[in-house]
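Have a look at these structures, which come just after this line.
The two complexes that follow have chain A in common; it is paired with chain B in the first and with chain C in the second.
Entry: the complex of A and B
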């Protein structure tokens, strides 16, 4: 029995290795000085002869690339700011618009609810290729193409967060809402004083999943933002060339940090959200 | 007594139409936004798919025919189909294996769960450079292969790029499916295992007689969710090949991007409607299964 456990542990550790090594390389690589970086990666980025080297520990670790990025690269802040002002409004919008709708789907009975909810599920499962043209047509009509709104508006009306929150709102015991109604609380009061606090895990899992999704967004900004000064980090980093590899690696790490923090603090909600997305109703 | 009566008076108030406008007020902001930004424009797209954008004339199914005859469309649709056929089974099996391993390993389970979920949080943009260095012709993976005596291969721009795509997709998405499997596993009643143990069933028998049948409903859900998720593989393809990748990983999203760059509204509309139809069929399949399952319970 002990032997078996040990074997399973080794196997799991081996697989986890594929996750931890890239992360480690990313962070250790960001501490390489510019010279070391050029030397190590030239065979890949500059197409010189030989093979690339990515040491597990940099020979001469230095924070210089970080300082360079933070002090001398104003474009980086512009990109980072672009990412923030596109992602946060999307997530906030999803909650503001989605939570009341989810509450209605979870707690009320009304004509057409079933059809409407099915429609929401269908919409949530549609890939970007389907909604891309229609979004473009609206955004173009509203004159919003090539502005942050082109990312925010379609993102904020996504129906996936609604679906997730419905799952969590439904699980609030109806005895609670009934008792509140008995005490004379109106529907709004019940929503704010019972629905929101008790449904918080659902809202948080929508927030965590939404953040990770949009922080990583590629398709939408690539299509709707022609102006490169509006590009978020997620779109800018893949276009990096050899001469600024060092800076881009640091930018990669800095971009990773918010996502990792949200992941680590919100892992519980993330897992709950994933499980909820797989449950049948 | 009084309390009880009051409650029974409330019930009908809570549960039938006499709630009137209240639920609608809750749904309204969302419904309005969805209607204006998604539904109406999509209906317009369906309409446009039967018209010519240039002349404004009704052209019937001509746009659809053009799409079907388009070489790039065939390539992208073929690649997408191939990707789904190769990657989804791998993803399902591999994530199930991980879930079973994690489930069997009780003490430090959290560490491993976290490890396998982390790639989900890692933005594709953050690992682009690393992927380049690993899979480049002069890169780390070829050095490793060199030790084994194999000749270097250009992983980023050859037929083999497809394998890198599959690997990257698995790397990023296995955690998600693992969590789904795990919640399926925990839903199986422990009493079943206990009685099986008493009856002297071995680990393998328990797996094939209890775990696997117990996971059938989960299997279907995960398959459909994974299928639908796989339309997002563009991100990984972009990670490997940027906007103009090797033809072996040219996906539908690349095609749509090209159409978009040319402002080819006719093809985009017809393509979007076709896509929507395919996805809708998949959803119907899921619905039917969920319905059948509900009857069995």
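Entry: the complex of A and C
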């Protein structure tokens, strides 16, 4: 039994190793000086013979790339700010619009509910590429192209958070909402006093998943934002040229941080959300 | 019995409920619950008692007939406007609120002032022995304490009607006995009209002023518990009320074929030499300490149960003499199953 446990542990560690190695190389690379990096990558980037090497630890660790990016690259901050002002409204909108919608789907009986909900699911299952052209046309007609609203509005009314929250709201025992109704609460009060507190894990998991999705989004900003000054951080990395690889690694690390924090803070909800939706992203 | 000022009576007239074309949950129900009365709805699972209760609460729509609270028809009145308090089987306490907020919730919804809420909640909590638990969440309470909180939440606002849907069924036996008495005392003190749904014999017999026995959505009999026990309207009521159930067999009464019934306690051990005694063989004995349930086989009769004194000693396979108190025989029509006087 002990042997088996040990073997399983080893196997998992082996698999985990492959997940962690890129992350480790990313962090160690971000602490590498430009010169060292150029030297290491010369066979790939330059014309020299031999193979590129990537040491586990930098020979001469330095914070210079961080300083360069954080202090000397205003463009990076502009993009960071762009990310924030696109992602937070999306997530807030998803909660403000999605939670009441999900509550209605989970708790009310109305004509056309099944059809409407099926439509939600169909829309949710469609990848961005499928709806891209129609979204483009709608946004263009609304005159929203090339503005942050082109990202915020479609994101805020996205169907996935609704689907996710419906799963959580349906699991609230009906006896609770019935008790609240008898205690004198109207439909809105039931939503605020019973639905929201008890559906909080669902709402939070929608927030976490929504944040991660839009923080890392590439297609939407690329398609809807021609003006590069509106681009979010997720589009910063592709703009970094090979000779500036050190900075790009730092940017990756910094880009990871909010997502990592959100993940650490919301891990419990994230897991609950993924298992409730029965799917993973 | 003092009747609460806010309490009202309830009139149910020709009430029907269908869930689907072939699922008729409540049929032509006619029932009046007097103001201040403690009415018990009893019946086997699926007899429609909970459905009826939920229709009174406004949690189910009424498909036909009228329900009146006092003079007012409430068929279409939403639950929040009925001023009814309900205690649910699984307590239905709000898990994210502590005990205090659970009990304060109905008052907050009625926009009571904060001080008044505090006064009322602490008063009721003290009454129910919940003062030390006010800060706890329901998850940190035992079943009995949760039940008390549910009662407290129903009591804080002096409703016009109390509904209780099998409130004790999740408690252990000892606690159930205690809570049963507490609920009866409480109801007497408050004097609020109460409807209590149960499938438990003892609760039905001991708690209410009247019991309404239901089967397949049809009301079988409404009467005082003792009357229902002694003069059941039909064979179903006779067999459903009383534990162990009444002994029945096919027999004859005044020259007419019918079903004969006798309660286990009216069968007594007798000396085998006694001329009126019947000979029977013991097939099993359950001694509860207070009494002995003796299962018997007698010639020409189906299996009988006798409720004998705990001191009565006998073992399986033994032959015993028994006597049936013929005064206590009940007779039922074979076709309609109604009791024949």
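Simple rule for what comes next: the second predicted complex is superposed on the first by the 275 of 281 C-alpha atoms of A that agree within 3 Å, B and C clash if a C-alpha of one lies under 4 Å from a C-alpha of the other, contacts with A are read in each partner's own complex, and residues count from 1 in each chain.
Throughout what follows, a residue touches a chain if its C-beta (ideal position, glycine included) is under 8 Å from a C-beta of that chain, and two chains touch if they have at least 3 such contacts.
Note that the structure is a prediction, hence the values are computed from the model and not measured.
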- Query: Where does A:182 make contact in the superposed view: on chain B (first), on chain C (second), on both, or on neither?
  - Reply: both
- Look at A:214 in the shared chain and tell me whether it touches chain B only, chain C only, both, or neither; answer first, second, both or neither. neither
- Query: Is A:193 touching the first partner chain B, the second partner chain C, both, or neither of them?
  - Reply: second
- In the superposed arrangement, which partner chain does A:162 touch: chain B (first), chain C (second), both, or neither? first
- Which superposed partner A:173 touches (first chain B, second chain C, both, neither): second
- Query: Counting only touches as set out at the top, which of chain B and chain C does A:259 meet: first, second, both, neither?
  - Reply: first
- Message: Just checking: does A:269 make contact with chain B only, chain C only, both, or neither of them? Give me first, second, both or neither.
- Response: neither
- Item | First (chain B), second (chain C), both or neither touched by A:231 | neither
- Decide which partner touches more residues of chain A, taking chain B and chain C as the two options. B
- Of the two partner chains, chain B (first) and chain C (second), which one does A:104 touch, if any: first, second, both, or neither? first
- Go through chain A and flag every residue that touches chain B in one model and chain C in the other. 178, 181-182
- Item | In the complex with chain C, residue positions of chain A that touch it | 173, 175-176, 178-186, 189, 193-194, 197-198
- Which residues of chain B touch chain A in the complex? 3, 6-7, 10, 14-17, 19, 22-24, 26-27, 29-31, 33-34, 36-38, 41-42, 44-45, 98, 101-102, 104-105, 108, 111-130, 132-133, 136, 138-140, 142-143, 171, 176, 179-180, 182-184, 217-218, 221-222, 225, 228, 231-232, 234-235, 238-239, 242, 252-253, 256-257, 260, 265, 268-269, 271-272, 275-276, 279-280, 282-283, 290, 293-294
- Which residues of chain A touch chain B in their complex? 5, 8-9, 11-12, 15-16, 18-20, 22-23, 25-26, 29, 41, 43-45, 49-52, 54, 96-98, 100-101, 103-105, 108-111, 113, 116, 120-123, 125-138, 153-154, 156-157, 159, 162, 178, 181-182, 187, 191, 212, 215-216, 218-219, 222-223, 233-240, 245, 248-249, 252-253, 255-256, 259-260, 262-264, 267, 270-271, 274-275, 277-281
- Contact residues on chain C for chain A in the complex? 57-59, 78-80, 82, 84-86, 88, 90, 92, 94-97, 105-106, 109-110, 153
